[in-house]
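Here chain A shows up in two complexes: once beside chain B, once beside chain C.
Moving on to the complex of A and B:
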């Protein structure tokens, strides 16, 4: 046993890199996928709409912990493929991000009036041009606050990666607490760091909400 | 050959037959006003001319080309046929200039260097040159509608359709929009309007088309139609519209 020292403080902050890395990976792969899902959900092809809705429904219904377990422990059992932990968490967080962001963005796209598509079509624009220049920018503005809200969820959700051995912030807290026997102090610090990470995002989201009335 | 030829067009929404065999010709340079009660099929007919709706049977030709939603060069076609809506439908996230230049730039009608000049030109024609850098929400309804007209003009259409463009406006703002349309009429633009503005129909239109129950019930020059309606339906419509 040793007392809580600067080195523990540093190790907590060092562990932040995994928290940030996991969020970055989840967004890098999940956001493009989310865009695809959202576009599929508003497609004029019913079969595509149904398929995308089913994907989203399944992923949203499984706890994040379940996704992590499935891709790390389940894949070798069911499919005989042993994937590295980093791949497993990346896939799990990517799907999680895609399903939730996809629904948020779908809502944003549908909130833009149908007449806006029509106005673009009547000027001779292609469906893609209508989407890219008229619908998507308006939908993005409408979706920003809930998107940031999800980002906060995602940051906190990365703590679950600790069960696969990732020494991110939450796991680092466990380690430090075990070494110093100062759980109260350690976890208070961990909580403060999460808070410091999420608060600016929440504030940013709130200011966006106030500034963007959704129409412009 | 007429610019617009409509032959025995039928259109059904669900179980309701909205158009029951409409035939109509519109010559180049002609101003045709379609009047009639709600549900008479006026707006649907207008939307069919622009292929926003497909006809069930019969055919519509514009400049000799058969119009339908699946036509091969629908985008090119729509660049030649402008439509202005009751609800303006400006793009709220773009300034007035970009609202106007977006389509001409994306469709390759003009180069980037000439975009601003084009916006200035069409805005001058609707009397709003000073609003080029405004956001749509900063404009009154009448101004927004004039920008919507300018946005259409920027595509240099051969034919313009107006779907109750003054119906959503406060009464004191109607005049400025009608004045713009009257000026366009004088410049020889071919126009088909659906409107409740009887004064405008009487003074500016070359021909009035009265639609009733999905059919062209009666048509002719405004002076004759308003003075001597041949059918009791038109007579009662005129009486109620006064």
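Moving on to the complex of A and C:
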């Protein structure tokens, strides 16, 4: 046993880079997939709409911890190959992000009135041009506050990677707590770091929402 | 792929699912009580109390549930409050669910236009009658979808209690995996059980919602 020192403090902050990396990976792969899901959900083809809705429903009805364990422990055994931990975890967070962002963005797209599509069609724009220049900008404005809100969920969600042994912030907290026998100080510090990351985003999301309300 | 070795663990799975349901329902009920009390405090005139509730909401909504469970389980004992795993998880999840409930209930109450309250007062209704007949029914209807989806998230979130070794469903999964080494099958089955529970609750809440809020909907 040793006392809590500067090195423990540094190791917590050093572990923060993995928290940030996991969030960045989840967004980098999850956001394009979410866009695909959202567009599929408002597609003309009923079968595509149903398939996308089913995908989203399944992922949203399973614990994030379940997704992580399934892809980290289950999938490599099933496929019979070695899957690097980072890949397995990235797949799980990508699906999680895609399902939630997809549903948020679908809401944004559907909130734009049908007449806007028709107006675009009247101007001779193609379906893609209508989406790109008329619908998407308006939907983006509408869905930005919940998107930022989801970012907070995602940051908090990366703490679950600690259970798989990923040395991100939560895991670094466990390690430091075990080494120093100071759970109070360590976990309070870990919670404070998460809080410092998430609170600005929460406040930003709220101010975006308030601004949106005033303009309507 | 072979699911047969899992068959003999069905009793453990059922027991785990029951503990998960208990944890969810207890945390949801306690959380709703916190939510109602918090919303009343936010509406109240006592400024320090309002700040306290605001601080509580922001603190619990902006830190991971997992860390909250760890703090209740690992840190509170150093203050002489040693809770068993299930109770510690229940306390942490109640506080987490409570923080979201306060906001949902407050938003539900705020969704009633002031003019409706004034209209009720003009008709000579008492303060309680205004609350009971004018504010409460539409506020409940507005808060209902958010509360129920938060309930489903809570159900999925109880899986974190496995990390302090509460005997809920996800902990049972780890146990079966350590016995059978069939990771793929175990976690596929566990995810399917959570999926079935979540979908059942969604269906149940949809039916209750249709029955309870039948009067004309806003267009």
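The definition used in the following text is that the second predicted complex is superposed on the first by the 212 of 216 C-alpha atoms of A that agree within 3 Å, B and C clash if a C-alpha of one lies under 4 Å from a C-alpha of the other, contacts with A are read in each partner's own complex, and residues count from 1 in each chain.
We take it that a contact is a pair of C-beta atoms (placed from the backbone, for glycine too) under 8 Å apart; a residue touches a chain by one contact, two chains touch by 3 or more.
Since the structure is predicted, the reported quantities are computational estimates derived from the model, not experimental observations.
If you put the two complexes together on chain A, you find that chain B and chain C both fit without a clash.
In the superposed model, A:210 lies in contact with neither chain B nor chain C. The superposition places the C-alpha centres of chain B and chain C at an angle of 100 degrees about the C-alpha centre of chain A, rounded in steps of 10. Looking at the superposed arrangement, the partner reaching more residues of chain A, out of chain B and chain C, is C.
When both complexes are overlaid on chain A, the residue A:141 reaches chain B alone and has no touch with chain C. In the superposed pair of complexes, A:6 makes contact with neither chain B nor chain C. In the superposition on chain A, A:126 makes contact with chain B only, not with chain C.
Contacts of A:118 after superposition: chain B is touched, whereas chain C is not reached. Applying the stated contact rule after C-alpha superposition, one finds that A:66 touches chain C and leaves chain B untouched. Of all C-alpha pairs spanning chain B and chain C in the superposed arrangement, the closest lie 18 Å apart. Taken in their complex, chain A has these residues touching chain C: 57-58, 60-67, 69-70, 73-75, 77-78, 152, 156-157, 159-160, 162-163, 170, 173-174, 177, 183-184, 187-188, 190-191, 194-195, 198-199, 202. Those residues of chain B that touch chain A in the shared complex are 50, 52, 75-79, 82-83, 85, 87, 89-93, 102-103, 106-107, 135, 137, 151-152, 155.
Looking at the complex, you find that chain A touches chain B at residues 113, 115-116, 118-126, 129, 133-134, 137-138, 141, 215-216. Per the touch definition, chain C reaches chain A in the complex via residues 1, 58-59, 61-68, 70-71, 74-75, 78, 152, 156-157, 159-160, 162-163, 170, 173, 177, 182-188, 190-191, 194-195, 198-199, 202.
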